[in-house]
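Next up: the structures, one after another.
Here come two complexes built around chain A, the first alongside chain B, the second alongside chain C.
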Partner chain A sequence: MSALAAVRKTLHLNRENAIGYGLLIPSIIIFAVFTFWPFLYTVYLSFFDWNMISPEKEFVGIRNYMEVLGDPRTYQIFGNTFLYIVILLAINCVVPYIFAFVIDIVLKRWNGFYKSALFLPAFISLVVGSILFTWILNPVSGPLAIVFGWIGLEIPNWTKSEGWVILVLSLITSWKVFGYNFILLYASINGISREIIESARLDNVPLWRIFFQIILPMSSATGIYVFILTIVQSLQYVFTPVKVVTQGGPDYASSNLIYHAYHEAFVVYRTGHSATLSIITMALFLILLFLYFKFVDRGIYYEN
Partner chain B sequence: MKINRTVEITWHVIFMATVIVLVFPIIYAVGMSFTPLEDAYNNVLNIIPLHPTLENYITFFDTLPVVKVTMNTFIIASVATVFKVLTSFLAAYAFVYFQFKGKEVLYFLLISTIFIPFTVTMIPNYLIVSDLGLLDSVWGVILPQLADAIGIFLITQSMRSIPISLIEVARLDNLGHGRIMKDIVLPLVRPAITSVGIWFFISSWNEFVWPVLILKTTENYTLPLALQMYISSEGGTNFTVAMAVSVITMIIPLLLYLTFQKYIIGTFTSSGIK
Partner chain C sequence: MKRFLQTICFIALMLFLVACNSEAAGTTEDGKTKIEYWHVNAETQGGQTVKQLVEDFNAQSETVEVVAKYNPDMYKGLMQNLQAEAAAGNAPAVVQVGWSFLNYFSDNFSYVSPQTVIEQHFPEDETFLQDKFLPNVLDLAKNSDGEQVGIPYSLSSPVLYINRDILREAGLDENGPQTWEEVKEFSKVIKEETGKYGFYFQEPADNWATQALLESNGAQFITDGKATFASEEGIEAYELLADMVLEDETALHIGWDQGVQSFIDGSVAMAYTTIAQRSNIQDNAQFDVAAVKSPAWEGKDVKLPAGGAMLTITAPNEKEQKAAWEFMRYLYSIESMAEWTKGTGYVPPRNDVADAENGLKTYLEENEMMTAAVEQMDGVVPWASFPGDAGLEAEQLLLDLRDQILGGSISVEEGLTSIEDKINELLND
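Presenting the complex of A and B:
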C-alpha cells in the first residue's frame, strides 16, 4: 500500500470527505500560521535571552522563569491581575446575569429599548471610552467631580492612587464588555422553557429562588462560557485603557499580566521575560478553567 | 403570576440608571465636540454647547490626514471582515455537513483559540509581519486576522438550525456542494452572516492592541490610534478636539449598529451558547 493510500485509509478520505477537509484548509492554515505556530514559538522564546533586534538568541534554559518568578514585581502584577479579574467578574458576569434574569422575567415594558441601549457601547472603541471617562472622572474639573462637589464628596485622584486606578480602569473596560455578556446571558435565559418558570411562579416560589434553583443551573453552560470569556477577554480589553490612560503606572500599580508582557517585549525589549510571562498567563488561565470545571461539575452533581 | 409593582418599578429605575451611565458619555462627547475649549472648562456640565463651533473638527483636519486615516481604518475593517466571513462560512459548512475523521478535535482546537491570551501570539506575529516587510502598513494589521473562531462558532450554530433533510434531498437530486452552499444554505444563514459581518467590521474598526504594535507613522494610523494621540499629551489640553475625533471614530459603528440592531441582537440571542 502506498503512503498516499495509507493516509487516505486512516482519514477515511473519499471524494466527499476530501471536500470537507478542503473547505477547512483556509481556516486551518491561518490558525496554524498565526495562532498555533506563534504559541509554540513563544514557548521556545521563553527559554532564550533576546532583545528582538540582535541576530543571536542566547539559550538560558529556565533562567527566565527563575528571574520572573523571583522578581517581587511579578507578584505585584499577579495581585493586580487577580484584583482586575475579581472586579471584572463582579461587574460583567454577576450583574449581567441578574439583569438578564430581571429583563426576561420581571420587566414587561421597554425590554427592547433596554437591550439596545445596554448593548450599544460594545460597538464603540474602547479608546473612545477611555478618553471619555478620563474626562468625566477627572478629579478636579470633570463633570462628576462638580456634581460630587455639590454634596461635599471628592473624587480621589485615581490615576495616581494604587487600588483606585485598577477599579476605575475596570469600570471603563466594563462599559464596553457589560452589554455583550448581558446579551449572551439573556439569550440563554430566554431559551429556558417558559412552563417550568410559570409553574414555579404559580406555586409562589420567590424570584430569588427561581433564579438560583431554575435559571442558574439551566443556563450554566452559557454561564461558564461568559465566566471564562470575562476572565480571558476582559483582561485583554483592559490593555486599552491601561495603555491609553496610565501606561501601567503609577509605579506598575495598574499593570497586569497582559500589559506587563507587552511592556517587557515592546518597551524594554526583553522578549524572554515577555514570553515567560505570556506562558505563565496561559498556564494560570488553564488552571482557573480546570478548577472552575471541577467546581461546576460538583455543583451540578449536588443539584441532582 | 403577578410581579409586585414596587419590585418592577425599582428594577426600571436600576435599568434606567445603568442605561444613563452607559449612554451618557456618548451624548456628552457629541456635545463637547462642538464646544470651544474655553467653554468646556467653564461650563463642564453643559451638554448642549452655548457657542456651537466647528473649530475642534477643523483642528483635527488640520493636524492629521483625516481622510487617509479614515481610509486606513476602512480598508483594514473591510478586508478583514470579508476574509473572516468567507473562511468562517466555509469552515462552518465543513463542520456541519461532512463526517470526516478528527472533525470534533479540529472544531474544539479552533474554538479553543478564543481562550488563548493575545500576548502568547504577539511577538511571533510581530516578527512574521516584520519579516514580510509589512510593518507600518495596513496589510500587516490585516494579515493575522483572516480567520476567526467566534465567526466559525456563530455561523456553525446558525447552520445547525437548518433542517438536515433539506440538504439530503438536494444531495439526492445530485446537487453539488457549490450549488447547495449558494442556493440553499447561504440564503438561510444570511441574517447570521450579516450580523457576524457587522460585528467583525466594527471590532476591527475599533481595534487598538494589534494596530498599535504595527503602525508607526501617523499617516498610516487608524482612527483609534489617532485618537490616542490627543490624550498622550498629558493634561488633556486638546480635550475638545479629542471629543471631535471620538465622534468621527464612533459615527460609522453607531450608524451600523442602529441600522442593524434587530439583526445583530437576534443573531447573538438565537444562536446562543448551548
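Presenting the complex of A and C:
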C-alpha cells in the first residue's frame, strides 16, 4: 500500500487529474505494445545470432556490433542516408517554402488551382508512384527518354548508376511528400498578418527581404517542424521506392539505413545485424534530437 | 462517463467478434476446408490464369475452397514471406517453390511429400505421379538426399527473343544467332546499322540465366556441394556479357521489367529471358517477333537450368493436406495444364499434355514461339541451389556481384574468384 502511496505522490495523483491520467492509459498501452516493447526486443535481438526461423538463438555478445561497425558497407550506407537527407531537404523543405511564399504572397490569380494541383500527388500511393516513374523514366524507351531523344539528349541509366539512383528515388519520394509539406507551410504563411506584409510593400521592401526577414522568422515554428519531418520521412518514405524499384541496388548504392536493416532481416535473415543497425540508427537520431533541443529550439518563434 | 463506458464496451465487443472470426478461418460457412495457395505469378506472368484455375476449382469442388495469394519479387520473395509466416505459425497449404530454393526449403521448412498424402488419403491416385511424369522431370523436385519434396509444376527455360524487323534492317539472318559468339557479333552490327541496343540479358533477383550462360560453356555452378563457377570457362562466359555491356555498349544493363519493356517497344533487338515471358511479349510486341532456342557456345552443348517451380504441400494438419492434394490433382489435369501453358508459356511437366487433343496439340501447332522451349528440353539440368542455411546469402552475393561486374567496378576474373571463395567459406560454417 505504501508503494502505491509513493507512486501517487510522485505523480501528484488526485481526484482532479485522475481522469487525465485515465485518458492517457489507452495511448500508453498502444505505445507500450507497438513502440516500447519492439524497441526492447530489438535491443535484445542485437546480441543474438538468429535466422528468424530456427527455434534457437545463439548469444554472441557484442559481436554483431563489431561486425556491423567493421563493415565498410555500413559506412557506404551512412553516406547514402546522408545524401538522401540533403537532397530531400532541398526538394521537400526549401522548395515548398518558396512555392508557398510565391503562391500566397506574390501570385494574384489561380492560387486555388496551384494549391490543389501541388497537393494532389500526396493522395496517390507511393508504390503506384514508384511503378509509374519506373516506366516514365525508363532510360531507353520511357516517354521521357523519347521526348529527350527529340532534342538529342539522353537519360542516364539511373537504376544502375551510383548517385543518379539516389537522386531519382528522392524525386519519386518527393512526389508524395512535397504536397503535404507545401500545404503545412502555406497555412503557416497564410496566417501571418497581412498588414505587416502590406506595409512592407508600401515601403518598397523587395520580395526577397520580405521572405527572409518577415516570412521566415514568423513561420519558423512550422518551418522547423517541416524540417524535422523531412529528415524523418527521408529515412522512412524512401523505403518504398527502394523496395519497389532497386531493392537497394546497384550493389547497395541506393540503400539507406532503414532499407538496409530490412534487407539484413528479411532478405538474408541476419536479424542480429539488422537489430544492431536499427539501434545504431536510433542512437544517431537521439544525438540529432539532443542537438536540436540544445541549439535550435530556443531560436524558434512560437506565437503562443 | 456512461457514454464513455458504452463506447469501451462496444469496442471490446467488436474486438471479441473479430478475434472469433479469425479463429474460424480454416473452414468456410458452408463447411468447406479453406486453404491458401501461394504463387508468384503477377498479372503479366500468368496471374490471370491462376485466378481462373482457382475459380474453376472452387466452383466444382464441394469440399475445398482455395484462396490464391500473390507474392511479389518471385520465388525469393515467396520464400521470405513463407519464412515470416512459418515463424508466426500459420503456413499456407500449397506453395510454389522455385528450383533454386529446393534444398533451402527442404532444410528449413516442414512439408509433407505429396506421395505420402496420396497414399494416406487417395489410394486411387497411387500411381498418378509415376504414370503421368517422366522420371527425369520428377527428379528435378528431389532434394540432395533423394527425397521427393514436391511435384514439378512450372517448367521453363531461357530462350532468345528476336525482333526480326530490326535484324532485317541491319542486314542480318532473320532466324537469329545460333551461338553466343554470334550474339555478340549481331549486336555490334545492330548498333552500327540501326543505332539501337542489340541485346538484353535478363536481370531479375536470381542467377538463373547466368547459370545457363556459364554452364553451357562447360563451367559448373556447384560440384559436390562447393561453389565452382569461377573456372576458366565460367570466367570466359561472363566476360562475353560484361564486354557487351561495358566495352561494346551493345547490351543493356537495366532492371528486368524495364529491359523486357524496352524489347517490347522495339528499342532492343534481342532479349534473353524466360519462356514464361512469351505471352507478355507476344501480346504486346508490335513487330515481327520470334523466339529461338537458347544460343550455344561454339562446339558445345547447351545446359539450361530448369526454371519455374514445383508445388509443395506445407499444410500443417491432415484435413488441409487432403484438401491440398485435391486442389493439386485438379491443377495437374490435362485441361488445367493446358490452360497453364497457354497463360504462362511454361512447358508442361506431364508427358501427355503436348500431344493430347484436349491438351496442347492444336495450340502448339499455332504457336511457334513455344516450340523453341519444347525442343530444347533435352538440355535441361537442375537449377543450382546452394545447400544449408547460407543458401540465401550465397544467392545474394552472386546478385551483388552482377551489379559490380556489369557496373564495371570489378573485373570478371577477380569478382568471380573472390565471390566463389566467399561462398565456400559461408558453406563451411
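Basically, the second predicted complex is superposed on the first by the 273 of 304 C-alpha atoms of A that agree within 3 Å, B and C clash if a C-alpha of one lies under 4 Å from a C-alpha of the other, contacts with A are read in each partner's own complex, and residues count from 1 in each chain.
One rule holds in what follows: a residue touches a chain if its C-beta (ideal position, glycine included) is under 8 Å from a C-beta of that chain, and two chains touch if they have at least 3 such contacts.
All values reported here derive from a predicted model rather than from experimental measurement.
Visitor: Which partner chains sit in contact with A:Trp150 here, chain B, chain C, both or neither? Use first/second/both/neither.
Guide: After superposing on A, A:Trp150 lies clear of both chain B and chain C.
Visitor: Tell me which of chain B and chain C touches more residues of chain A.
Guide: The partner that reaches more residues of chain A in the superposed model: B.
Visitor: For A:Leu184, decide between first (touching chain B), second (touching chain C), both and neither.
Guide: A:Leu184 contacts chain B only, not chain C.
Visitor: So in the superposed three-chain picture, is A:Lys160 touching just chain B, just chain C, both, or none of them (first/second/both/neither)?
Guide: Only chain C is touched by A:Lys160; chain B is not.
Visitor: Between chain B (first) and chain C (second), which, if any, makes contact with A:Asn51: first, second, both or neither?
Guide: It touches chain C, and chain B stays clear.
Visitor: I'd like to know which partner A:Asn138 touches here: chain B for first, chain C for second, both or neither.
Guide: both
Visitor: Have a look at where A:Leu126 lands relative to chain B and chain C in the superposition and call it first, second, both or neither.
Guide: So A:Leu126 only meets chain B here.
Visitor: One more residue to check, A:Tyr269. First (chain B), second (chain C), both or neither?
Guide: second
Visitor: Determine where on chain A the residues touched by chain B overlap those touched by chain C, and list them.
Guide: Residues common to the chain A contacts of chain C and of chain B are 52, 134-135, 138, 141-142, 245, 266, listed in rising order.
Visitor: Hey, which residues of chain A end up touching chain B in the complex?
Guide: 10-13, 16-17, 19-24, 26-28, 30-31, 33-35, 37-39, 41-42, 45, 52, 99, 102-103, 106-110, 114-121, 123-136, 138, 141-143, 146-147, 175, 178-179, 183-184, 186-188, 190-191, 198, 201-202, 207, 221-222, 225, 228-229, 232-233, 235-236, 239-240, 243-245, 257-258, 261-262, 265-266, 271, 274-275, 277-279, 281-282, 285, 289
Visitor: Any idea which chain B residues touch chain A in the complex?
Guide: Interface residues on chain B, with respect to chain A: 1, 3, 7-8, 11-12, 15, 18-19, 22-23, 25-26, 28-29, 32, 41, 44-45, 86-88, 90-91, 93-95, 97-103, 106, 109-110, 113-128, 143-144, 146-147, 149, 152, 177, 202, 205-206, 208-209, 212-213, 223-225, 227-228, 230-232, 236, 239, 242-243, 246, 249-250, 253-254, 256-257, 261, 264-265, 268-274.
Visitor: Using the touch rule from the top, collect the residues of chain A that touch chain C in their complex.
Guide: 51-53, 134-135, 138-142, 157, 159-162, 245-247, 249-252, 266-269
Visitor: Going by the contact rule set out above, which residues of chain C touch chain A in the complex?
Guide: 73, 76, 80, 83-84, 86-87, 108, 197, 205, 252-255, 257-258, 261-262, 265-268, 389, 392-393, 396, 399-400, 403-404, 406-407, 409
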